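The structures come next, written out as structure tokens.
Same chain, two partners: chain A is paired with chain B first, then with chain C.
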Partner chain A sequence: MEKNIKKYFPIFLLPTLISFILVFLIPFVLGIYLSFTKFTTVENATWVGIENYIQAFTQDTNFLNALWFTVKFTVVSVITVNVLAFCLALILTRAIRGTSFFRTVFFMPNLIGGIVLGYIWNLLINSVLGMFGYDITYDAKFGFWGLVFLMNWQLIGYMMVIYIAGIQNIPKELNEAARIDGASPFNILKNITIPMVMPSVTICLFLTLTNSFKLFDQNLALTGGAPARETSMLALDIFNTFYGRIGWQGVGQAKAVVFFLIVATIAFIQLKITARKEVEQ
Partner chain B sequence: MASISLKNIKKTYEDGVTVIENLNLEINDKEFVILVGPSGCGKSTTLRMIAGLEEISDGELYIGNRLVNNVSPKDRDIAMVFQSYALYPHMSVYKNMAFGLKNRKVPKDEIDKKVRAAAKTLEIEKYLNRKPRALSGGQRQRVALGRAMVREPSVFLLDEPLSNLDAKLRTEMRSRISMLHKELQTTFVYVTHDQTEAMTMGDRIVVMKDGVIMQNDTPQMLYNHPQNMFVAGFIGSPQMNFINCKILRKQDCFYASFNEYNIKLPMRMNEALSLYADKEVVLGVRPEDIYIEKEYFKGDLNNVIHLYVDIAEMTGANYYIYGSIADKKLIADISPNSKIIKDTVCNLAIDTDKIHIFDTVSEKLICD
Partner chain C sequence: MKDGKKTNVIAFTVLLFLSALFLFPIYLVVMNSFKSRFNIVSEPFAFPDSETFVGLENYITGIESSGIIDALFRTVFITVGSVLAIVIFTSMTAWYITRVKNKYTKGIYYLFLFSMIVPFQMVMFTMTAVCIKLGLNNIFGIIPVYLGFGSGLSVFMFSGFIKSLPKEIEEAAMIDGCSPLKTFFVVVFPILKPTAITVAILNAMWIWNDFLLPYLLLGTNNKTLSVAIQITMQGAYGSINWGGFMAMLVLAIIPIIIFYMFCQKYIIKGVIDGAVKG
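The block that comes next holds the complex of A and B.
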């Protein structure tokens, strides 16, 4: 049996490997190469070294603005999404009526696509702000909190499901032992529940962190970067650089590489830190 | 130190299922009481009600003189050892043991003293910095005991604490727990489904079935004088033989009659059996009270039966023979020196002094 598996292993691996090389590896390597060139199409690329990178950080203030806006947005979103999702998970793992119903309801925003969601929230927020004579593009603050609100609304349900799975995985004897050991509900939360759901925390932090950093369609639909690109996040800024400015494709590509490096580094560090806190049972 | 008193305790779950109907039990201070019974008999539920982990639907529960129905587990002055040990996996052994004291705001140096003392008693000092996952089953069990010990509770509750251990370790831990009880001089309530644990450890055994106490007595009394067929069958391994028979009266003597045999019953049973003449009853006899005919030197031999041997099992100290008398199955625990060959018929004598007669319908003891 094992011999057979070994024999046919390359055959079974091949389709996936070919797809992976074609749709991920080649574009990825090509993308890195293009970030060092000036190009309009892939065929007419001319090598310019690190000029695109210098240009991205010096001649285009939007990039650093977008980076700062994205960082702020990510920090706020990661905290709010995870705290609220965890609280909801705690409530919905109690033996109370209607928990299944609420779990479904909270998960449902995930089923709506980002662009649609952005436009829906654009209408909702504008109708509220409209009562005071504003709209979402009036001030970057509105756009920022609008995006945070949207992100929370969309992701809380998803993260909640992961936290629920984690909480339900805690042996009930541990809580009982802690109760007998005289632990208060807060102590149980701090000393038992949170350490025991660290695997869920790792996953949720990773997902919220990367999703927040990479947010694009909601940003495009809700504010489109307005006012004056102040609410433009990294992904939207890259898109605008690449498609919005002729001759800046290489710079857009360089920004994309920087963007990838930032997301990968942060995700890697976060995974390392939280995985260390996970409990092996 | 505290006594425990359960008065008319009832437990009904939310889905309407009643697991304990009307339980009354008194546990004395410093006593080692075992709750034993098959799965689903309500023994763990009873223990969890004492711990405060399960709500009491009706009745009163006292620990000491205090009614504790509505007292939270942490305020009942109890400690519990769980079947799964329930050690906190992210804490070291030291922290596991100190957790309860820390929650009670005991000064650090006192916590340290108590944890180290308990660790010394249980011989787990060198594992104090380890996490539970780095310990064997027996070591985890000792940590769980230590965690309970350091709190110096009035009552120790143990829920099948040895069931995850292998046979050798279980025997070792059995005596360790008994020693601990002796040392701590505290009330112990111990739940198990293992009758060997029950018989060897407890001052008193409470045998339960379907939420009802079937008998509550010392191990010797349970074994020698079971009050019903359930207890008679549950306690003892291999279990007691039950033979359906009819009571015959000839002059002043009573006989248990089955197949072609008429076993003469002791005179002391006469009074109790007088109502059962010509009625069906169940005769109970333990395997070790059946002898090879020629090795039985007690009284007359009108109690000899012929057993067709299906299986003969030599275990070293015991020699079990499993056989049949027509439609009736029988197990005998005979002398290991006996030479019995399977698929042959052997003559066995029943020690009538040790037999028990049960009512067929109520399954209660008539006389023994």
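The block that comes next holds the complex of A and C.
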């Protein structure tokens, strides 16, 4: 059978593979090469070695600021989103009226795109701050917490749905046995629910981690990096270096490679942890 | 038991309050879209009264000034076209590389996996250059671009499912004289339907809302919804017509809400499957 299928590779393989090579693989390799060159278009690159990387970290303070802002934002978002989503999942898996209605409402913001979300929250936050005579670009703190609120609004429902699936997978007998033995609800939570949903916790932690770390659309729409560039996250800073400063494309590409390496490291750690967990089970 | 009932009442009240909080931002936009543009900024929380209510005026000016209806149709076309291409071609690719086992197909599989962890900013400049050179910077050309970027997750999800399928049915079909192409579309593809729905939903949500890729490839002449909204705000330099802008936001949300109402079950299932496997 294999031989028979093999002959059909132009039909089965080529459409996907050619698109993939043209829009991803070639640009990826070209991108690594260009990060070591000075260029304004793909064709006029001259080799400069690691100068772009040095420039990204030394001459351009925006990049380190953006990195620090992104890390802070990611830590706060990962914790708040997951704690709140888990609590909601716990409540919604009890026998309460209207569970499916609540689930529908909490999940909905996840479907709205980043640009639209950003402007919805821009209106809301500016309306609230406006009562005190401020707006969101007045202080980087406003932008930071604005982004955290937005992220929570968008991701809580998504993570909640994954936690609910995890909690519902716990065998009912386990809870019943514990209750008959006289375990308190807190003990059941600590010794049964949390250990049993650990796979969901791993998934949700990494989903929120990568989503927060790579955030772009929401950042652009909510603050655009203002005031100055204080609320620019990494992705937005890279975009601005590419398209906002003529002659800095090489530095932008170098920043993008660093960004890729950080994201790849996070993904690699996740892979290791997930693989180890699977062995244990 | 009585205790349990009491906590349930408290939980119900808390949930009701939280739902109101979750819906409030959307309520605010919808409510303001019916208010005079001058009252949106000055009193954003006030409900429209006889003086500030302007009916559909904001919708008319919003639609006229931004070309958002064209953007809507363009977004529908790009999303539907790309999702169809992704579902058909990546399922074929996944079947081929799962059934034909050699070092090349294995290498291709890992390349697809690898592409999933690369952030878009890494390739955005070079990808734009390549695509412009190839003439893919139009609403038809963007479909193969989305096929390329969507192939990682989609091939991965289809392959995972195909691995669990027994080969015997396919072998029987081929012994009966079916070509691989016929075998795939008549025998295999119908079995893949649940995964195909998941793949379609995950890609549709991403492509519908995508901003940066259409912004770079289609620019301001062939705006998608997200691009139209961003450009309206960006181009206004602070002197935005808030009424028209609110109307644009509402028009951008409505299709998503309708889609969600009809496919909620599939969407939630798709998102869970995608998360667990991705």
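Rule of thumb we're sticking to: the second predicted complex is superposed on the first by the 249 of 281 C-alpha atoms of A that agree within 3 Å, B and C clash if a C-alpha of one lies under 4 Å from a C-alpha of the other, contacts with A are read in each partner's own complex, and residues count from 1 in each chain.
Here is the rule we go by: a residue touches a chain if its C-beta (ideal position, glycine included) is under 8 Å from a C-beta of that chain, and two chains touch if they have at least 3 such contacts.
Remember, it's a predicted structure, so these values are computed and weren't measured experimentally.
Because the two structures share chain A, they can be overlaid on it, and in that overlay chain B and chain C fit beside each other without clashing.
Contacts of A:235 after superposition on the shared chain: chain C is touched, whereas chain B is not. Looking at the shared chain after the overlay, A:181 reaches chain B, while chain C stays out of its contact range. In the superposed model, A:191 lies in contact with chain B only, and not with chain C. Once chain A of one complex is fitted onto chain A of the other, the partner contacts of A:38 are absent, as it touches neither chain B nor chain C. In the superposed pair of complexes, A:264 makes contact with chain C only, with no contact to chain B. More chain A residues lie in contact with C than with the other chain of the pair chain B and chain C. Here the smallest spacing between CA atoms of chain B and those of chain C, following superposition, is 7 Å. Residues of chain A that touch chain C in their complex: 1-2, 4-9, 11-13, 15-17, 19-28, 30-31, 34, 41-42, 88, 91-92, 94-98, 101-116, 119-121, 123-124, 126-127, 130, 153, 157-158, 161-162, 165, 203-204, 207, 214, 216-217, 220-221, 235, 238-239, 242, 249, 252-253, 256-257, 259-260, 263-264, 267.
Every residue of chain C that touches chain A in the complex is listed here, in rising order: 8, 11-12, 14-15, 18-19, 22-26, 28-29, 32, 41, 44-45, 85, 89-90, 92-93, 95-97, 99-101, 108, 111-112, 115, 117-127, 129-131, 134, 136, 144-145, 147-149, 151, 155, 167, 170-171, 174, 179-181, 184, 205, 208-212, 225-226, 229-230, 233, 245-246, 249, 252-253, 256-257, 259-260, 264, 267-268, 271-272, 275-276. Interface of chain B with chain A (complex): residues 51-53, 72-74, 78-80, 82-84, 86, 88-91, 99-100, 103-104, 131, 133, 147, 151.
On the chain A side of its complex with chain B, the touching residues are 171, 173-174, 176-184, 187, 191-192, 195-196, 279-281.
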